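By written order: A, B, C and D. Residues from 1 in each chain.
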Amino acid sequence: MPNSEIQHHCGLFGVYGHPEAVHLTRLGLFAQQHRGQESAGICATQGRGIVRHAGLGLVNDVFNKSILETLRNPIVIGHVRYSTTGSCNEANAQPLLFNYAGGQIAIAHNGNLVNAALLRDEYEQHGHIFLTTSDTEIIMHLLAKPSHMQKRNPLPHVLNHLQGAYSLLFLFNDRMVAVRDPFGFRPLCLGRLANGATVIASETCALDIIDAHYERDVQPGEIITIDRGGVRSEMFAEPTRPMAAQCIFELVYFADPSSNVFGQNVHLARVEMGRQLAREAPTDADLVIPVPNCARCAAMGYSETGGLPLGRGFTTSHYAGRSFIMPEQHLRDIAVKIKLNVIRESVCGKRLVVVEDSVVRGTTTKGKMGALRKAGATEIHLRVASPPIRHGCYFGIDFPNQSELIATGRSVEDIQRYLEVDSLQYLSLDGMLSCVAGGKDKYCTACFSGGYPVPVDHPVSKFAMEKHQFRMFEQ
Amino acid sequence: MPNSEIQHHCGLFGVYGHPEAVHLTRLGLFAQQHRGQESAGICATQGRGIVRHAGLGLVNDVFNKSILETLRNPIVIGHVRYSTTGSCNEANAQPLLFNYAGGQIAIAHNGNLVNAALLRDEYEQHGHIFLTTSDTEIIMHLLAKPSHMQKRNPLPHVLNHLQGAYSLLFLFNDRMVAVRDPFGFRPLCLGRLANGATVIASETCALDIIDAHYERDVQPGEIITIDRGGVRSEMFAEPTRPMAAQCIFELVYFADPSSNVFGQNVHLARVEMGRQLAREAPTDADLVIPVPNCARCAAMGYSETGGLPLGRGFTTSHYAGRSFIMPEQHLRDIAVKIKLNVIRESVCGKRLVVVEDSVVRGTTTKGKMGALRKAGATEIHLRVASPPIRHGCYFGIDFPNQSELIATGRSVEDIQRYLEVDSLQYLSLDGMLSCVAGGKDKYCTACFSGGYPVPVDHPVSKFAMEKHQFRMFEQ
Amino acid sequence: MPNSEIQHHCGLFGVYGHPEAVHLTRLGLFAQQHRGQESAGICATQGRGIVRHAGLGLVNDVFNKSILETLRNPIVIGHVRYSTTGSCNEANAQPLLFNYAGGQIAIAHNGNLVNAALLRDEYEQHGHIFLTTSDTEIIMHLLAKPSHMQKRNPLPHVLNHLQGAYSLLFLFNDRMVAVRDPFGFRPLCLGRLANGATVIASETCALDIIDAHYERDVQPGEIITIDRGGVRSEMFAEPTRPMAAQCIFELVYFADPSSNVFGQNVHLARVEMGRQLAREAPTDADLVIPVPNCARCAAMGYSETGGLPLGRGFTTSHYAGRSFIMPEQHLRDIAVKIKLNVIRESVCGKRLVVVEDSVVRGTTTKGKMGALRKAGATEIHLRVASPPIRHGCYFGIDFPNQSELIATGRSVEDIQRYLEVDSLQYLSLDGMLSCVAGGKDKYCTACFSGGYPVPVDHPVSKFAMEKHQFRMFEQ
Amino acid sequence: MPNSEIQHHCGLFGVYGHPEAVHLTRLGLFAQQHRGQESAGICATQGRGIVRHAGLGLVNDVFNKSILETLRNPIVIGHVRYSTTGSCNEANAQPLLFNYAGGQIAIAHNGNLVNAALLRDEYEQHGHIFLTTSDTEIIMHLLAKPSHMQKRNPLPHVLNHLQGAYSLLFLFNDRMVAVRDPFGFRPLCLGRLANGATVIASETCALDIIDAHYERDVQPGEIITIDRGGVRSEMFAEPTRPMAAQCIFELVYFADPSSNVFGQNVHLARVEMGRQLAREAPTDADLVIPVPNCARCAAMGYSETGGLPLGRGFTTSHYAGRSFIMPEQHLRDIAVKIKLNVIRESVCGKRLVVVEDSVVRGTTTKGKMGALRKAGATEIHLRVASPPIRHGCYFGIDFPNQSELIATGRSVEDIQRYLEVDSLQYLSLDGMLSCVAGGKDKYCTACFSGGYPVPVDHPVSKFAMEKHQFRMFEQ
């Protein structure tokens, strides 16, 4: 669980046109629970007014029996969230539901808008008020602006005001709309149920759970509108659409292994990264063991290509949940302790290749390496199936501050010394990109390379909006 | 419990400058729980940012142990609510907390704005969005309007846009502000704690519970600002301030008997109404019994002046809560059944004077009269310590629709027949007004007389805002 | 609320032969909630096995929706409890359900067995084990004893082993049995529903709530068996049945005013005590005010006979519950504070007669008298509608230890001085007995007189069973 | 998750002599949560009386914050439970706490007593009563029997009355006692904390989580007593102690892979079974995939010895818990559906060796095979790392009725046809036994072979005690 240090972002799910849409949405969100454990919510309509139910906690906590029995609306959008902008509180739970001159709109958002604070300032200067500290609320103000509303087709116009990462689901009284930003930072796909109902999801694993058929990805820069007339597509970023910048970290760590993301299966991509890692960093050792759970795929590839038997060094608890559900550092430490147990007999007296998917702060990795050593491992060769993370993300991944990243300003040797391992090797950037589909120039690798596809003049932190408020007041 | 048919409105409470402000606010709201059982909430600050905690349910449900242990802010406003505009949902729980160009503002409101829908339409046409269906949100939009913000003292200007009833508590980052509308529909008073902290409350009973000293009422048309510099007052409706129109129903039924409201003690006012009722409607009977709980005061006065012994015909459950906490009619019926039990031996074979404070729909009153008859009362003479209610209220009391009021379009004889009592007499309007302090022309008696102090062109229902949304959409 | 110092005991309710028996039992227990707020429970059967549901808390907490929807058994017994023997924990919640050679038995008990510890010792010496610390469990051991089981009719034989107070409800697989001890300490009555179903309840108010017709009291020393064959009665204590010793405190304080207990209406008995008090202790004063809630009846009688107007000095909160629900002294103090508020204008400048039903520890009474004085009462004449309580109760009322009773070892003058009132007078024992039905020699007045109807050699405390365990171990 | 069809049994944990014993016990139970998810509980003492806290649900549900803050006793025993005898209700949650002539005793039990119903009958005939439907309660009755108590050392005598499987933890006021039955069916081990405190646990993984040092297993037929005087051992089944009959299913499926059980590491034993399976049943295929989670170890062994690459065919949800937490079949089906997702790209077009640890009913296995086929697997060769299960277990494993076992009365060919796989091979009994430590004659393999180490004349079902009650009544 190396990435207990990385906060997940969000997952989207929507159903248009099914009598059990609320129940299906619950399942679809459940399948994407790994994308956000802080809050869950839905907005639902049957054509006359939108109702909202959202709360803090896991999907199974928020969707209690009474909600499932009560809500029978056939058009539903849902959201699971780990905050990237805005703190953890109920007001920020999505989807957000607004009333404006055009009626009601609900919005669910995965990603992060880098110009949200700027736009918010501007709107506040014009007398607008905000009820949340989420970057998502600004989208609604743009939609409600009279000059925008007067346009024949306001949405493309509004979206062109946004900078950053945004996969979006809108629910109107009479239609559901799915949007993916021109860079396609976050995944979003379209599926179909046996009854013909249309489904939108962040990941294909959410289609699988409800037996929906995957049709295609929503394209970067595409708006898909689903209503009584069917499904309509339009591209809003033409003709100046930029090169795609899909988040490679979805493949490295975020997405579920069973999902197909950006045109490839996540598990197979990770196995391939493990194979490439074995090619780049072969090791003379007795056993390959993964750090559970994410690195299991890469360890398989490493074992196969490296010609070393695959073993198991840790067991994990099925009852602890992922550690991210306890946001305080103090609790996270306990959570790690109760989640992993070393299989002493498995590693004692062995020379180990330990495969990790990525190293962020390094603190939990260090703890795990120490536990293996204490259990009697004679050598520990850490192999990381991605390059060193040295730069922050402004597009929806909640890495810690750059200063807390173990690899920032440190050589691999320094890191090896800090982690107290016998050797340490990372997968190269090129090696990693050789394992993914669609061309290496279609990915955002900023966290590894520092090359941001969108200029980020004023780096925004997760609490930009809150800080903004305080700033306003302290003048 | 005649008035289980009347929905209560709201109660306000605020503390400026006490380390236990959150705990005191909880107690102050608890003492005013009779003013609203649907939701409770607080906003609190220590000068750097405002935090909000609100939820559906009673004060003791919403203020759980963890909240009381966590929040230690010295400046707090709180609210208990029974919806008069807007339905029962969490988004509508007050205080509402907003972010705007000026920072953050929290608002708690008791009353009802008759021009809220009109103003909302107007603002939506200018691109504003609304997150609640409460009439209170419009106040924030007025405050955030740039032309208003540019004024040296925006609040009086903004308040002059509002029509209707509003006792308000604002919380800014650095100050608390209390406002009472120029008519003074709803009560609001100012007190002081031993440590010098200022307290604002709807009713004086909330001062008593925390041993705060009552200083004075907030005046109709007054703004009171409390900050580091102390307490400042300004009148915002001069020089055209109208004659006060204080809600006489606060005295008849709403307020707690121990409170002093509009310059008089509520209990003593009710006893006096009972005395006046005995003068206007003397009866030859064996026993005076009140309909619990509110009519107990009036029954005492009636018994004393009428020269008839006071008895007890009903017991009430201490465990049922007021019936209003179950908004559905179906549940209300059960609630009434489990709350009142007739003391058969007390009424059997007796000629009874039954004293009620008011009759609204008449259905529960009829049920109670039937129960007395079934228990063996030989005569039932119903005496009501207020005039017939024949008109709706647009200023914060949630009477049922006019058509559901038993007295609308019915003579006293008709009502007597419907209630199946041997005689029925109401207190006269003049008689009632002779019992209250400060001059009979200082009160709003519209529900009895139909004379509204503010023109109500487009009568607004409780769900005006929700309907508004649907209308918008159906165009 | 003088008697917040007295812990209530228990309430019983049972229905034989109604499809809605569980729901009716919930209502019947709810109506008797004043008899016990610590736990609630039911046992139910439809002839094949008994199921149990019980828990800590109020009736409405324990009987959640899912229980009411699930249990449809037509034969049900229920219990609300305030512990008299045994501490507050779930294992002690009644009814208790046992398995033995004869099958299953459930027992619900109101009262206190003075020889429970003795019998328990004896049975433990014979190898029996106990799972609760309640005195009730011993009854089951007696029933299961082989020599008892061999008798043609074991129950009378078993009951004759018990000493003390016991109103009992048994549930067997095929029948319900109601028992009242030969002294008749605690009330128990029999009623009938419209469909012919038989109902057993501690108080008649529980019959009223479900529209059951009161038939008669269960007699002291009577066993009533209800099964398919109908209702059968037998007397088990003949021919040496003692004189009845019905608890007069049920009339003074415990029972609901609307109930008929021991052949009289509780409210009217209390009014009569108030009248007698006025005769014995007339006062020159301005106003009679009751200490809510129990003394309201007596205050009416005092006012009428004493020729003084009845007023209201306190308001009470509808939302606080009775203070007993918070067993810790620390919390009780808060509870009292938030439950009562003085109506200052009502008492200021007045010479008051304050009517109390009883004074136990005196601490809360003192607090209330102080609050009246602080509010400006010029004279306070406390009149108590029962004699001084100077002796403990071993028959089901949880008075504090004798040493904590304010009247133990103190003259009335001493008490007056302690309470800081201008005068203090109690109702005489004879005066009290002149107000009750059925003959003054039919009542237990031991708490006033010290004359116990059953010898109590080894006074038992509430935690006798727990202490017993420790004693065993420390040998 | 093949064994979602097998109900787990119980886990024990105890600490003697640590100030944080309650907290440590919570962690020790948490680490053994896989042994029982129905209820959790502890009994604790500090030498004066034993307190109990237990409830339905997972360890983290039952041990809430307030319990952990309140209980500070240094001697604690704990239990997690899946019912093998007795249904799921609170009364059956262990440890059970009893009062008897010797004081108090708490008991926690892992296993199943085959003569419990017989003994219970006998004791009931002697007038004993039972409050639970658990087989464990009979042990207490044996302990409380006067003739047993009179013995100088009653416990060995009592234990010799018990037939079947029992690992036991007793808590007395002054000592903790650990017992393992003469056959040693269930594991039990002894460890030590840094401060010298003694720890008892079912599995060593519970020692690991609290950094306790493993000392040794409790021996079959051994009583270990821990008190102020230290740790004492005695053998109670000498000289006729039978050959050990340790449950081989602990190694096949039950125990945690990181635990050492019966003298060997569980993970390594499973890997070895996988290797042996590859030797016995080699396959020409493209990929080996395990059915998660238990078969992962065996699949590693199969892959290595079989010379086939190891792949991943399924993902599992971290948020669903094991399916056993929903005992109803209806819910189990949903649970399976939401817990497993096939990685389509991983298996599509592949000839698969699918490794399972065991097959019980076969229904969920069939479902998983179908899912693989649907995802495009061209061949499915199922290899099961244990022999066919054809016989019930009476020693603590809650297999379904024999008639529901897929292998009962069916040939391997029949099963293959039912499961719709291309080939099916089981590990041989001898092969399995060649992989475990300590000699093949030290294990109970009755579920595979039908050879029960203890005669089971009257097979007992899980609800023996409940049925018993009904039978009694129907006579």
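As a working rule, contacts are C-beta pairs under 8 Å (C-beta built on N, C-alpha and C of every residue); 3 or more make two chains touch, one makes a residue touch a chain.
Bear in mind that the values here come from a model prediction, so they are computed numbers and not experimental data.
Under the contact definition, chain B and chain C share no contacting chain.
Seen from the Cα centre of chain B, the chain whose own Cα centre is farthest off is D. Averaged C-alpha coordinates give centres for chain A and chain D that are 38 Å from one another.
Here the CA centre of chain C is 48 Å from the CA centre of chain D. In terms of their C-alpha centroids, the spacing between chain B and chain D amounts to 61 Å.
Residue positions of chain D with contacts to 2 or more other chains are absent. The touch graph of the protein chains shown is a ring with every node of degree two. Interface of chain B with chain A (complex): residues 48-49, 52, 90-91, 96-104, 124-131, 133, 140-141, 144-146, 148-149, 173-174, 465-466, 469-470, 472-473. Those residues of chain A lying in contact with chain D across their complex are 27, 30-31, 33-34, 58-60, 205, 208-209, 256-258, 260, 264-265, 267-268, 271, 293, 296-297, 300, 303-304, 309-312, 314-315, 317-319, 321-322, 337-338, 341-346.
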